[in-house]
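The two complexes that follow have chain A in common; it is paired with chain B in the first and with chain C in the second.
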Partner chain A sequence: MWAKGGKHGFGASEKLATRKSGRLRAYVTAISLLLVLVLSSSAFFVSDTYLPVLCIFSGILVLHGLLLRGNISVIGRVFMVQLVITMSLYYLLHGQSQMAQGMIVVLRILLAFIPGWWLSVSTTPEKIAQVLTWVLPAKWAFVIGASIGLLPFMTRELREIYQVQCLRGARITPKALRDPRNWQELMTCVVFPLLIQLLKLSRQMAIAAQLRYYGKTNKPTHWQE
Partner chain B sequence: MEHRVDLLKLSDLSFRYRSDEGYILDEISLSINRGECHCINGPTGSGKSTLLNVLIGTLSRPFEGELVVSEGVTLGLVMQDPNAQFIRQSIGAEVAFALENLAVPSELMLEKVQGALRRVGLFVSLDRSIQSLSLGQKYRLMIAAQLVFHPDILLLDEPWAQLDDSGVCELISVLKGLKDEGVAIVLVEHNPSVFGNVVDTFWQLDQGKLTQGCFMPEPIHFAYSQKALVGESYIQIDPLVFRFANHDPLFTCSERLQLYSGEIVALVGDNGTGKSSLLKSLAGMQPHIPPLPIQVLARQPKLGIYGGELGLLFQRPNRQLFEISVLEELRFSLKRFGLPLDNADRVLDEMGLQHLSEHSPHLLSYGQQHLVALASVSVYQPKVLLLDDPFAGLDHLYTCRVWQQLVALSQQGTAILLTSHRMLPHTPVTRYWRLNNGELLGEGQAADTVNVG
Partner chain C sequence: MNKRMHFSLQDALFIGFCATLLVALKSMLRLKLGLSGHSMFLMTFFYLICYGVVGRLGAITACGLLSGVVAMILSIGKGGPLILVKFALPALAMDLSLIVLLGLFTLRWRCITVGLVGCLAWAVKGWVEDLLLGMTMQVALVQFGLSMLKGGAFTVLAASLVPPVLERLRSHDLLGDNLKSKGKI
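Showing the complex of A and B:
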């Protein structure tokens, strides 16, 4: 669709087609949400025997996500971070004997993460919010949709605040954080300013939404892509 | 004679945040009619934002006096940073947000959304991601998101600070069109002169009083002895192609650029040309770019290797404040780099911030927070200081105070590289680097750069 498109109004058949197409997309999003819910929870609940089946499903989702130009490096980073944390904890608590079990835990967390990543690549927060209005009050659905939409912005904020505090000498580099005594510094000089930014941003967004009639109706309509 | 009905009228309106404080708005009167453009200007902290909050009805306390909004009059607001106002991901969905809330049937939205985007001259795919737009386009998108519900009054909060010159030109053209259509416009702006062609009435807000005219700040004089380029080279950029992984080149540089100690170089380019990305690359913190032929302090840039030798201020530097007092904020880096804590008091004195030393940095004004953030970097006297758009959102007074500190640092030998989306005439900038049409160019010393106020 282009803003340059015709000035003229739409015929009845075009309106019907728009409505049908919108409904179809909403159903696809709803099925995607259910699929994510089932696959992510299965990652924790199915026995080890069925994990290969889940791996195949997750592999398909990753391939589809890549086709949609999703950023695979996110999965890689999550995998590496939790690999280090989980395996270190297993080594500390159980020694070498339970390392295989630790690897399975790492795999399960990754399998729980991949469906969420795929959903973020394949659909938009507003579509998710639209589907959620079927089962939740419109305000809750809006808040959930807006929160998901905010994640990329907050991730950028988190990265920039972290980097600038590193430059100021904060003991929060990966090396410094090996020492648990420095974890407090990460909270005070990164998480605390981030929360302040989040509060400011949510207030601004609330004002912006209210001025655009948010809350005027309990049954808002939905834009069809 | 045409009878003009006020859309909105303030009569002797007064407001203060605390009952034991003076009035920030003191018996102000203003009437806004259809097709008029008003511009309100004044120094930081003069109450411009408070006045905006009065108009949009988001004040947390009651006010004295009278505010009359004619029946059925609607207001649209474009905040200073449009990025903080976007609720959706795609252009069509963003503009349609108000229509959704007004329960307009989905099949009628497309036409209205297209109409609003046409009014601001934005001809782009409705499915396109908002993040792919330039800041000027984002600003016009946010105006379209207001126009879609046909507001009678459009409020704009400091557009000049965020937009480059082409963005400002686009905006002025849109505003002229809206005025002709009968939309009333209220601009809150530090730099009102650029909107002279579109504004009907200028108002200055100072010490609570709203009077007609432009606020003329007292010029601040500071001496600056321009240095010849004989200092040590701290930054060296060899010919390069700057690109993000799997993307087309953002810009190229075909000559060697160097930044010497004691210099203040301004990197100037339009929004989205890659200024911030280059600055982050110099600090070794720009992800998704291949290694570049850049040397900072004779090393390949990498986050965390420079200690106290490199300082950086991002846009909105108040984000980095976290301590319980201004003094502690300045002492933080001194403690980490093992430097004398007395430096904090000295810098607070130099920057005229001593009276704020025990204040919480979170309760200061935007301009004060900006100065504290700069002080927290200045305090360890880095050899290289990188600043990303350091004057955004600052009025003349605070801009001059930032310049004073930058001059003081450069005279102590700090090499300063700052970004800006417009040239900075009559300032202590010693040289310019230009990012233009995908090319990074160095220039010789600019002719009229020595500032006397």
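Showing the complex of A and C:
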């Protein structure tokens, strides 16, 4: 009896500790989101004199992202694309006189991009979703949760429909899609059946949720993990 | 998402699925095409489909907001939480333009006009961003013109594909529940 009671007590305290650590992680995610928002906005709004400070912060985020094995090539690609487009336009319109200003613009674009990249490397989608439920109405939080949860199903459906239509001879192979005249066929053969599936799925899910008394109370309950 | 956006659960779920699919397809196409402006193709298509299927004002804004939130959660696109503005602003502009255009033109031309308003909002957002980043007015205007040109072409293409899809959905009696009672579109 004692052993049983002790076991139960340990389980409850363990559950409490897990809940506390979960809440702590959610707070950390919320702070990360705010930090990313502030840093990304700062890239647009701070004057040139404060850019080195922002560069130091972004450098720290990049190092942290690298420690978490984030893919740095994404940042490199964004930097190169912006460098080519913006600098070419500056050269064509202003000559060599304002190339330095162009470089600062490219740097600012990069500084606006880095915090978002860091967030994607350091935080899991579930944690961001958990934080968003603090500010979103319960219905829309349910919709977002259901949509993200069903994303693998939707992509599988999309792939299957695409493969079947390719086998039937539809001109929707990657090579054929280089010609915009074939985009109409992609819509008819792939997107239209997919939309029918989505309509069916939303109807079934809504009925299933309502049969489980969804929407009867303002504060919905959740399955305990 | 106030009381004006009080959709039935089925409609809300459909909007959510469209938003998620839009974000997922956008991330896939970005890798394949690498063209700026192609995002307007998907945005216009899915936003207008949402409006067509749900059949009421606010559906496009809801889809835009959900797309932004989903993109933020899945960490797709640049800008972190600012990605919300990228999706929501064209959606809001499209919904606002629908208030004016609700009874005007045929469905095809209404879709194209509404899509182009969304494209304009998207290009203006890029222009303001460029100016905030410190770009000179000339370069920012050229970038704005390029965005409008490329985004506009994709928008017109997507908007002209929407009416046949809606027509086929209606012929399969899939839009009946929503539109019979509201008499929209």
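The rule is short, and it goes like this: the second predicted complex is superposed on the first by the 127 of 225 C-alpha atoms of A that agree within 3 Å, B and C clash if a C-alpha of one lies under 4 Å from a C-alpha of the other, contacts with A are read in each partner's own complex, and residues count from 1 in each chain.
The criterion applied here is as follows: a residue touches a chain if its C-beta (ideal position, glycine included) is under 8 Å from a C-beta of that chain, and two chains touch if they have at least 3 such contacts.
Please read these numbers as outputs of a predicted model, since none were measured by experiment.
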{"item": "Which superposed partner A:155 touches (first chain B, second chain C, both, neither)", "value": "second"}
{"item": "Touching partner for A:113 - first (chain B), second (chain C), both, neither", "value": "second"}
{"item": "First (chain B), second (chain C), both or neither touched by A:46", "value": "neither"}
{"item": "First (chain B), second (chain C), both or neither touched by A:125", "value": "both"}
{"item": "Partner chain(s) touched by A:78 [first = chain B, second = chain C, both, neither]", "value": "second"}
{"item": "Touched partner set for A:192, first chain B, second chain C, both or neither", "value": "both"}
{"item": "Contacts of A:103 with chain B and chain C, given as first, second, both or neither", "value": "neither"}
{"item": "Partner chain(s) touched by A:30 [first = chain B, second = chain C, both, neither]", "value": "neither"}
{"item": "Touching partner for A:214 - first (chain B), second (chain C), both, neither", "value": "both"}
{"item": "Contact residues common to both interfaces of chain A (with chain B and with chain C)", "value": "125, 146, 188, 192, 196, 201, 205, 209, 214-215"}
{"item": "In the complex with chain B, residue positions of chain A that touch it", "value": "1-5, 7, 9-10, 14-16, 18-19, 22, 124-126, 146, 149, 152-153, 157, 159-161, 163-171, 173, 188-189, 192-193, 196-197, 201, 204-205, 207-209, 211-217, 219-225"}
{"item": "For the chain C and chain A complex, residues of the former touching the latter", "value": "1, 8-21, 24, 32, 45, 49, 53, 66, 69-70, 72-75, 77-83, 129-130, 132-136, 138-139, 142-143, 157, 161, 164-165, 168-169, 172, 174"}
{"item": "Chain B residues touching chain A - in the complex, by the definition given at the top", "value": "56, 58, 75-77, 79, 83-85, 87-93, 96-111, 113-115, 117-118, 122-127, 131, 145-146, 149, 280, 283, 285, 287, 303-304, 306-308, 310-314, 319-322, 332-333, 335-337, 362, 376-377, 380"}
{"item": "Touch list for chain A against partner chain C, complex", "value": "33, 36-37, 39-41, 43-45, 48, 78, 86, 89-90, 93-94, 98, 101-102, 104-105, 108-109, 112-113, 115-117, 119-120, 123, 125, 128-129, 132, 136-137, 139-140, 143-144, 146-148, 150-151, 154-155, 158, 174, 180, 183-184, 187-188, 191-192, 194-196, 198-199, 201-203, 205-206, 209-210, 214-215"}
